[in-house]
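Both complexes below contain chain A, partnered by chain B and then by chain C.
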Partner chain A sequence: MTEFETVIGLEVHCELSTKTKIFCGCSTKFGAAPNSQVCPVCLGLPGTLPVMNAEALERAILVGLAVGCTIRRRFKFDRKHYYYPDLPKNFQISQYDLPLAHDGRVDLAGAHPVRVKRVHLEEDAGKLVHEGAGQQIATGTAALVDYNRSGMPLLEIVSEPDLREPAEAVAYVKSLQTLVRYLHVSDGNMEEGSLRCDANISVRPKGADELGAKIEIKNMNSFKSIEHALTFEARRQRDALARGETLAQETRLWDDTAGETRSMRSKEAAHDYRYFPEPDLLVFTMDDARLAVIRGRLPELPWTKRLRYVQTLGLTDYDAGVLTSDRTVAEYFEATIAAGAPPKTACNWVSTELLGALHGRKLGIGDSRVAPRQLAALIALIDKATISGKIAKTVFAEMLVSGADPDAVVKAKGLVQITDEDALVTSVRDVLAANPQSVADFKAGKSQTIGFLVGQVMKATGGKANPQAVNKILKEELTR
Partner chain B sequence: MMKSPASLTIHEAAAALRAKTLSSVELTKAVFERIRAVEPQVHAYLHLTEEDALAQAAASDRRRAAEESRGPLDGVPIALKDNLCTRGVPTTCASKILERFVPPYDATVVTRLRAAGAVITGKTNLDEFAFGSSTENSAFGPSRNPWDLDRVPGGSSGGSAAAVAADEAIAALGSDTGGSIRQPAALCGLAGLKPTYGRVSRYGLIAFASSLDQIGPLAKDVEDCAILEEAIEGWDAADSTSVRLEGPSVTQASAGDIQGLRIGIAKEWLGTGLDPEVRAAVDGARVPLEKLGCTFREISLPLQDYALPIYYLVAPAEASSNLARFDGVKYGRREDGANIVEMYKKSRSAGFGPETKRRIILGTYVLSAGYYDAYYLKALKARTRLRQDYLDALKECDALLSPATPTPAFRIGEKADDPLQMYLSDIYTVSVNLVGLPALVVPCGFSAAGLPIGMQLIGRAFDDATLLRVGARYQNVTDWHRRKPPLPDSGEGGV
Partner chain C sequence: MALTRRDVEAVAHLARLSLTEAELERYGAQLEAILGYVESLNRLPLEGVEPTTHLSPATDRARPDRPAPGLTQAEVEALAPEFRAGSVRVPKILEE
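Moving on to the complex of A and B:
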């Protein structure tokens, strides 16, 4: 039986979070009342002209640089024609043969790199809202158009067909999501549609050089639906080929509810977009000086950071991945170690305690009442054995609520660890006197009994005893 | 008998207003009286804004009384071609598809005219979407040439030309994509300027072919053209193709003499198809220009014959794209259909006239996959070569002189069924748009039948002022531009 291989290429659309739209001064804020953020330009009224939003252009180039693309020194915009009510001019200003960036790559952790074919900038379309039953086109009574999204700056990042598994595709989109958030160029939010993705997927006999019939999948609106749609589609194509059928190039729509893809249009019905250069915008030139300024806006990229965390901070790749998946988390972590905390301890506190607690409260790291400096101070208290790790968690819980410094919490609650051996010896002797059986067990060779005895001392001291010190004294007392 | 104020030029009116021998309200009323008298025969306008015009005129008079007048256009009635967007005033492009369209904004040129204090009289007729050379393609009926009501005023800015020639406005704005200001100016005995591409903002001009369109003045003389250009030109943040202008203003720069200017005439311009009377008139213009110190030399523009074919690939391609937005969804005419595609088809079929459909089909075809390289791309390459021809010619010449049109005004209906013949009437003007240069049309004679003849001066990029200077000096020593058409009923506006 023939073994098949799936080949996937992705077109990721990312709405740039500039203050204003790409060709006019309208706000890009999400969730406003329908058609409240429109003007003659983004409504495509007769006589209006586009004027490029310089910030959108710089952000597009920034993304191009971040994915290792070559930035074109001269690029232009083109008109892409198709009729649809959400497209006010019935053409979209996009880039055809001279995209602003081309030939880059994204390095996926633990997988092969994905080549980026091109990055280009274009305008987004409006949104159709179907009125009536089910708010579906099939059952609706009217279609309304909301042009708030019309003219939002949209970045398209096109990969080469380098992905082989649906999970890889998801990892690739996630890494782009992380990237655009790192660059502060987009919210990268799939639910709000600021990150969208179409896939080209085909199946071929393993080892074949030629690609199978390219099938485009649209309407995947979450990471889950990307994975499900591609998994479904790969299986559908394999099954068809296994049955001896031939597949034809087409566009298919993912139906999340039904869990299947359905044919939308065949190759024959494909649009002729009649691209031609946009005469209302000049050709753009990018000189060294301007490119250098944009390059200067590049932060350390997530994959570079991750590698550095492993190689120079000694973190595991998993931990490095957790910390670098969000720029604000990484920055928090880095601020914590900059304040003196050892990287591994800081990593544990940030990724487990802090993120866990915030996640439970549905908060982001930006909402944390514990500043990195305070977390570092807490870690220092443990390292100086002022408090135990266990007490530290209590202190931390208090800090999360009040935002107080750890010293203050420790003082106010009298949580300073008892490391004074003289003070502890009394407690240890009291515990030994109260537990003769355990003492006998220990002496008979049951060394694990010491754990129980440590626990009893901790209990007796209200958890403030230094466990290492208690351990040491117990051993001394028992072997005396 | 005293000259009616309606027959004044801008600079004459400005002088009278300044001297307070005339008020803007009087001037505006005279213009509307003239409109009432001759408009039924001429049909220059699609929409009149009399009430608003009188209010603007009164406001201008108040400014003048308060010594806050804004310059030569303050209080002067100006007409606008109906493809220039006017806030709250219908802007139809002479198309049924925009019959009920009322823009929520003013074109930049309109904003600038208002800022200069101009009084807007109304919106003038044109060939639908500026596609044509006679106004016969207007969905609302043709305008007529005031010099002979059986003849066309030219197009597409024929309504603007007819209005100014018939004294129904002191001056007007038109738009020029392939000759749409210059050809009607020539046919109506007016001065008409197509500014250098980029000099005047296109924001608010309903686009025909974006890389060719330029707004400019149609006026009774060259001096008025300079005044209007100065008011409307200059960089505009809303138009990426507009340019920051440097140096002296056009009115200043066009004031000097023309001693020593070198003027080129291309031998390709004087070949077959040129009416002998037009040829004689243009040739005759050399005498006064030589007396004023100009020298003439023959030049060659070998690609001249390709200008019209290039134009009819580039212009319809852009037009087909620009007109895609008229679909019945958001504004303008909508015909209901069983589904969205049917609605598009019905709305566009009912809304567009035959010439518009012809150009959309032509433009769609040349941009289609498989034809793009052979037509559109090739046309762009030829356009670059043509531009180089002109730039080379203008290295050894300060300006070029050509006929404006191959013939004087033709009869209504004469070419209406023959698009190719109609296209040929722009043979001397289209290349100027393709190469982006400025060109000025100036009256230079009359045919035996009493029809005006115009000559065209073509200049270097952004050197519109030299053309205006040549034209103005020529008009100092000629009086073709002072003649008035013999309209049957000139009412109290008569001389």
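Moving on to the complex of A and C:
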């Protein structure tokens, strides 16, 4: 039996979170009443002229630089023609043969790099809601159009067909999501549609150089649906080839509810978009000086940070991945170690205790009432043996609610660890007096009994005793 | 450059024009004359000449990212042939 290989390339669309649209001053706020953020330009009324949003252009170049692309020194925009109700001008201003950035790559952690073919800027179309049963295009009786999205700045990032598994495709989109959030250029929110993804997928006999018939999958609206759609489609194509069928190039829609891809009637005769240069926008140029300014806006990139956490801070790749997947988390962690906490301990507290607690309350790290400086102070209290690790969790829970400093919580609740041996001896003697059987067992050679006795002393001191000290005193008392 | 009847029909379809026989004939001939004129460029020695996309020597015109007022929903409604629930209502998209 022939062994098949799946080949996937992705087109990721990312809505830039500028204040205004790409060619007009309309607001881009999400969730406004339909058709309330529009003007003659984004409605495509005759006689209007587009004017480029300088910030949108800079953000596009910033992303291009971040994925290691070559930035074109001279580029233009083109008209792409098609008829669809969400596109009021009957053409979309996009970039055809001279995208502003080309030939970059994204390094996926633990996998091979993915080459980026091109990054270009274009305008988004309006949003359609289909009337009729199931609100599906196929059964729709009419459609409602909201042009608020029309003219939103949209970045298209096209990969080479370098992905081999659905899970890899998801990892790639996730790393782009992390990236655009790091760069503060987009919300990267799949649920709100500010990050969208189409896939080209084909299968071929393993080892073959030529690509199989390229099938485009649309309508994947979450990471889960990307994985499910591509898994379904790869199997469908393999099965068809195994039965001796031939596959033809087509566009298929992913149906999340039915869990399958379905053929979509082919668009305009063989994608005849009749591109030509947009005469209403001038040519754009980029020189070294401006590029240097834009490059200055680049923060340390997520994959560079991750590597640094492993190589210079000694974290595991997994931990480094957790901390760097969100820039605000990484910044919190870095502020904690800058305040003196050892990296490994800080990592545990941030990724387990803090994120766990915030996640449970559906909060982000920006909502944390515990500042990095306060977490570092808490960690210092443990290191100085002022409190035990166990008590620290109680203190932390209180800090999360009140935002108080750890010292204040420890003092107010009287949680200082008892390390003073004189104070502990009394407690130990009380426990020994109350548990003669355990003492006898210990003396008869059952050394594990000491664990029980330590527990009793801890209980008697409300958890404040230093366990090492208790252990030591118990042994002394028992062997006297 | 000879345009076939099918070329003219295809271009008309792409532009969503429904043309009569006489119009196909007339526009076809005009289109051919225009293309013939453009084709005269092929007779010029153009090696090493960058394709011209824009005639203006000006470049880089952009505006700051500052919001400006647009139309209200009511104004959009007044422009739309049909309007429902704040949205422009259009006929069904896929044909039977």
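The working rule: the second predicted complex is superposed on the first by the 457 of 480 C-alpha atoms of A that agree within 3 Å, B and C clash if a C-alpha of one lies under 4 Å from a C-alpha of the other, contacts with A are read in each partner's own complex, and residues count from 1 in each chain.
Methods note: a contact is a pair of C-beta atoms (placed from the backbone, for glycine too) under 8 Å apart; a residue touches a chain by one contact, two chains touch by 3 or more.
Computed from a predicted model, the values in this text were never measured in an experiment.
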Can A:173 be said to touch chain B (first), chain C (second), both, or neither?
-> neither
Is A:323 in contact with chain B, with chain C, with both, or with neither (first, second, both, neither)?
-> neither
Check the residue A:53 against both partner chains and state whether it touches chain B (first), chain C (second), both, or neither.
-> second
Who does A:395 touch here: chain B (first), chain C (second), both, or neither?
-> neither
Chain C versus chain B, contacts on chain A by residue | C
Tell me which partner A:284 touches in the superposition: chain B (first), chain C (second), both or neither.
-> second
With the two structures laid over each other on chain A, which partner does A:40 touch: chain B (first), chain C (second), both, or neither?
-> both
Does chain B (first) or chain C (second) touch A:89, or do both, or does neither?
-> first
First, second, both or neither for A:79, with chain B first and chain C second = first
Where on chain A do the contacts from chain B and from chain C line up?
-> 40, 43, 45, 51-52, 81, 83, 85, 143, 145, 272, 274, 279, 281-282
The answer for chain A against chain B in the complex is residues 40, 43-52, 79, 81, 83, 85, 88-91, 143, 145, 272, 274-276, 279-282
Complex interface listing, chain C residues touching chain A | 10, 13-14, 16, 53-54, 56, 58-73, 76-77, 79, 84-94
Can you name the residues of chain A that touch chain C in the complex?
-> 18-20, 24-27, 33-40, 42-43, 45, 51-57, 76, 81, 83-85, 128-132, 137-138, 140-147, 265, 268-269, 272, 274, 277, 279, 281-285
Per the touch rule above, chain B residues touching chain A in the complex are 83-85, 91, 93, 98, 101, 103-105, 107, 202-207, 209-211, 237-241, 317-318, 321, 324-327, 329-331, 340-341, 344, 364, 367-369, 372, 376
